[in-house]
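Structure provided below as structure tokens; questions to follow.
By letter and in written order, the chains are A, B, C, D and E; residue numbering begins at 1 in each of them.
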């Protein structure tokens, strides 16, 4: 540190000083220990998946065969395709609508910077449980409870949506600019109003992105809808693969990709308007 | 300047939106509501079933308890297998998705063509069911962990790239501007202006994807490795619910661990 | 009345920003807090409304121990504490009007806030304040499309609309030209006087501080090293606060300025904001923007 | 040499921030741009390095038409344009040192930048600059744990380490106490003189402007309404730029200040930043922080 | 109720088997009989081809005609869901796969009565053990020390049957004499063998036939080294507590359904109609297999 005395040559005290970015983990033992451990693990894990070049070369023509079976896409059964899409849309819209609304309070409670620790832990616990329960199992429970059909499917999708949007939105809330929140807090706004004026404007674009993303996940979801017997485009796709009708599968995939691209574009437009 | 603004006495109204905007919003909301109603119409609830639903749930939940603790030993191997494949797959996805994410974010993409290329990659990756990816890569690499890793990696790109791209779209312009003003080229602006801002997002998204991949390891199962997903399916198909419970407990531990790792790393970066 | 006892703040990084500061401010006193950059001025006023949690010490406002309140009570308390931020802290994606009205959040119901249905009185007051800070016509601009000084003035209007019992002001004029700066400070000082509120103003412009404050507190390295009237501030004191430099100009100007100000006070504060056409957007431009 | 022809900027909101501004700055001239808040000062200098894309007009720097460059060429060009931001624009999650060193990004390879392996000369220079702006010992603090003035000074060091051919400076002293402010401005002015660079300084403190600038440009409502030496600036001119007010004090002080400054220039600028113990963190505290 | 029932065999506690036909009896208490206006029917394709919803349409129409009820058809993809729904009374008529039929019977009171077959009374499929065409494995004994792909644990021909039969017939114990890896499905086992990734695999003949027919696999790539006796295919049955009159009508509808000329007939080309079966007789072989593999049915007992 400079004392008033050594003013003559400002650079004297600094020349040759090295600088390194302060490491994330202070203790060098722990730091290098972790690095070595991680490296060892990766070596072990990669060793586990041995790559066989001969098999790879032999596999290429098989993949090409499969690809050839896909073209040209077969749109002749458009009726089946359209039915599936409409059915899926119906379920996806409903479950997304409910799911994303429910995930807002969950996300707020799961954000470290918004709530006291016990609430945070409880909400994270909920998110953990929802994410632990395989969708298959939730679906089985709901089929048992409400019978086969769209209702069980929608409920499953709703629950899965809360886990997904809740978790990602919570992390976005944790990342917001604290200064803007601080200003609203300083006006004496209650907690809810701080959310409304300090947090919501900052997270809205992300939230809209997540809603639309979840909509398209719910649209494509096949596992759940297959289990509840609700059909939908996912089940149609699954069946077409099961029947080796790859050209029809490809047609279905192209349709799904087109729909999702439209959703993606819409999401981009909306977000660009509010960011 | 309109005179009204300077008239101190007059009551001035202020609305967040002009009348036209309000109308447009109202119309949009109405359309939205109608779409949701159309969806509700497809619900088809059988009310008598709803009445005794709790009873049925209790029937199954009761049969899941107590967990088959003795089964614990048998799930360790598939769990480890699953973790290995999911970890490698996630690392692969992470490496591939960062360039895609940069192309898919409106504020970092080079031009409209790259934006759409990235979007098509993202959408294709996630629209194609994991089973399909698994079949394709099992044909190429043969059934086994490698096909699982690649299938998981490719399948995850859509998710990670999309969410990271949205994170990039939300960054603070000012900080990027400052780095641009130093004359840094794109890559360096990325490393100094953008990366520090999206680091928490990347960590969050990647750890989330990691635990999704572990849970979706039925894919891994389907390419011939005995992941936890296959174990779970077998337990369910043999109606051994107490075993299902113990597997769930194992998955829960992994999910919470990922939550903890994510939280720890994000704290370092926020 | 504000009373601060032994306030100490140590940040998690280990930085000790405040070191046992005590201060007592009577009603209706405009206190300027001066000190070099990094002295702890911002930390000091942020501790008072507990945006920064004090490490030690007590704070009392009008007989309530602020440091003992729980978070609900603190939210209620903050309604009465108007705060102006050094870095403005506007909510970037909200409009100017929403930012200003957010100062009334403590007083409206959640649904009013949600639908932006603030009482007409608040809206009238918001328009009036926007005019007084020279931002008439900007109400529908988004905060992130403003110039630095405009942003700062929105932040000021937001604090003033709270009709607070105490004003905590962090560098209110850092981005303002000399004329607007004086107008704004006069506005703050007058409000404090009119309503009989104490005001704590962090300000780096010592000249302005001496001109408007009734009392000056000098902070250096987290300690209060001076506390007295502006007339007591001399070269020696400034050196104690800021370190060695040539202070003659600063003090002389301040004294003269204060005189000049005294003479023109009534005239200036009334007319101040209204004859300010150059800061209002020209009609044609605003038409296009709306 | 910088030449600006007919520069016009209309924002997407319809706001016309600049209206056919022309300006020619010779080498090594310190130009103060003054004007009321919202006049277009920031827009003006941001157009010069095209952080804001000009709507009309041309800009030439040393014979290159800046407005005609593509984005790669612009990046190269910006290496030579040092910019100091009104709202600092530090990368919040990086340390002070990384922020300062980011000024050298144009000169190192990507991997050097990525692994923070900057040449020793850059690191030396960074330490030296940090000392000169009074932030020695803060190099490993994260930018978001700094006081307002400290952040501003980091931004200044970042621009200066670029060793630019032109300095674009937006309110460099808004958050600084008078002493630090003068030190910093002297530093900027001296650098400009030493290296023979033009410097455009937006500054709201007219007194400081008149003290340090060789030329003053007055902006009002997006138009250049005055362009001349500081000695030409009188009450009348200030009224033209800012509107009606009592300007006598401002000018008189400035003149006196300038005199005093002239007398002490050599002494002050050398010693300025170094004898600044109160802005550096006390050793003990910093020890705890590191 | 407990006192009324002195035999239930392996059935779950809530069911009773006084007539010892191994399936749950109609409840004695008439109030427990159900006679719903809408019959719910589900079908899970496991060793059968995947089907689109409309394939079953003709059968549904026929059922509606004969029973006079509305029918809702669900093509589901999990038989755990199916059997749990049956147990909860959410499902009235179902087609259960070979291996899961005993679970349905014991856990959910399923009452199988029909199976698809020819007019000659032939039905069923065979377990086949296949190897790559160029493999040096000639017999089951040669599997010793190899890696063999089973499909999944619950599958009959893909796992349960080989585990039970290979030991008793050839003295080869899967998992001991050869290493078992699970492929996840019959088609994946077949493709894996065709590609030479697995040394061998036990699979369902019906799946192999179908894949060959559709060109998904080239029969020249595959050699069959063993074929088992016939196993029954998917069983069709109803819930135990349907009103007896309704149950009879449903059975009648199945038995009188003609595949010829319908979409169902096109899908199952070698089938003419539904043949009557009983669980006790026709599932004997499956029960033996599962018994040997120590499969537990009544989860009620497991949970104590």
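For the reader, a short list of remarks on this structure follows.
Basically, a contact is a pair of C-beta atoms (placed from the backbone, for glycine too) under 8 Å apart; a residue touches a chain by one contact, two chains touch by 3 or more.
This is a predicted model, so every value here is computed, not measured.
Contacts with chain A and chain C are shared by B, D.
Across B-C and B-D, the chain pair carrying more C-beta contacts is B-D.
Most remote chain with respect to chain D, judged by CA-atom centres, is E.
Separating the CA-averaged centres of chain C and chain D is a span of 26 Å. Between chain A and chain E, the centres computed from C-alpha atoms are 38 Å apart.
Centre-to-centre spacing of chain C and chain E amounts to 79 Å, using the average Cα coordinate of each chain.
With touch defined as above, residues shared between interfaces to two or more other chains in chain B number as follows: 49, 56, 59-60, 135, 139, 142, 144, 172, 233, 236, 270. Chain D has residues 87, 98, 275-277 in contact with two or more other chains.
Contacts with at least two other chains are made by residues 78, 80, 84, 87-88, 90, 195, 197 of chain E. Annotation, chain-chain contacts: A-B, A-C, A-D, A-E, B-C, B-D, B-E, C-D (touch as defined at the top). On the chain A side of its complex with chain D, the touching residues are 1-4, 6-7, 10-11, 13-22.
Taken together, the chain C residues at the contact with chain B in this complex read 95, 97-98, 116, 120, 123-124, 126-128, 131, 136-137, 139, 274, 280-283, 286. The touching residues of chain B, counted against chain D in their complex, run 172, 174-175, 177-188, 191-193, 196-197, 199, 269-270. Interface of chain C with chain A (complex): residues 49, 51, 71-72, 75-81, 83, 85, 87, 89-94, 98, 102-106, 110, 113-114, 155, 158-159, 162.
Of all residues in chain B, only 35-36, 38-46, 49-50, 53-54, 56-57, 59-60, 81, 84-85, 87-88, 106, 119-120, 122-124, 126-129, 131-132, 135-136, 139-142, 144-146, 148-149, 162-163, 166-167, 169-170, 172, 200-201, 204-205, 208, 211-212, 215, 229, 232-233, 236, 244, 248, 251-252, 255-256, 259, 262-263, 266, 268, 270 touch chain A in the complex they form.
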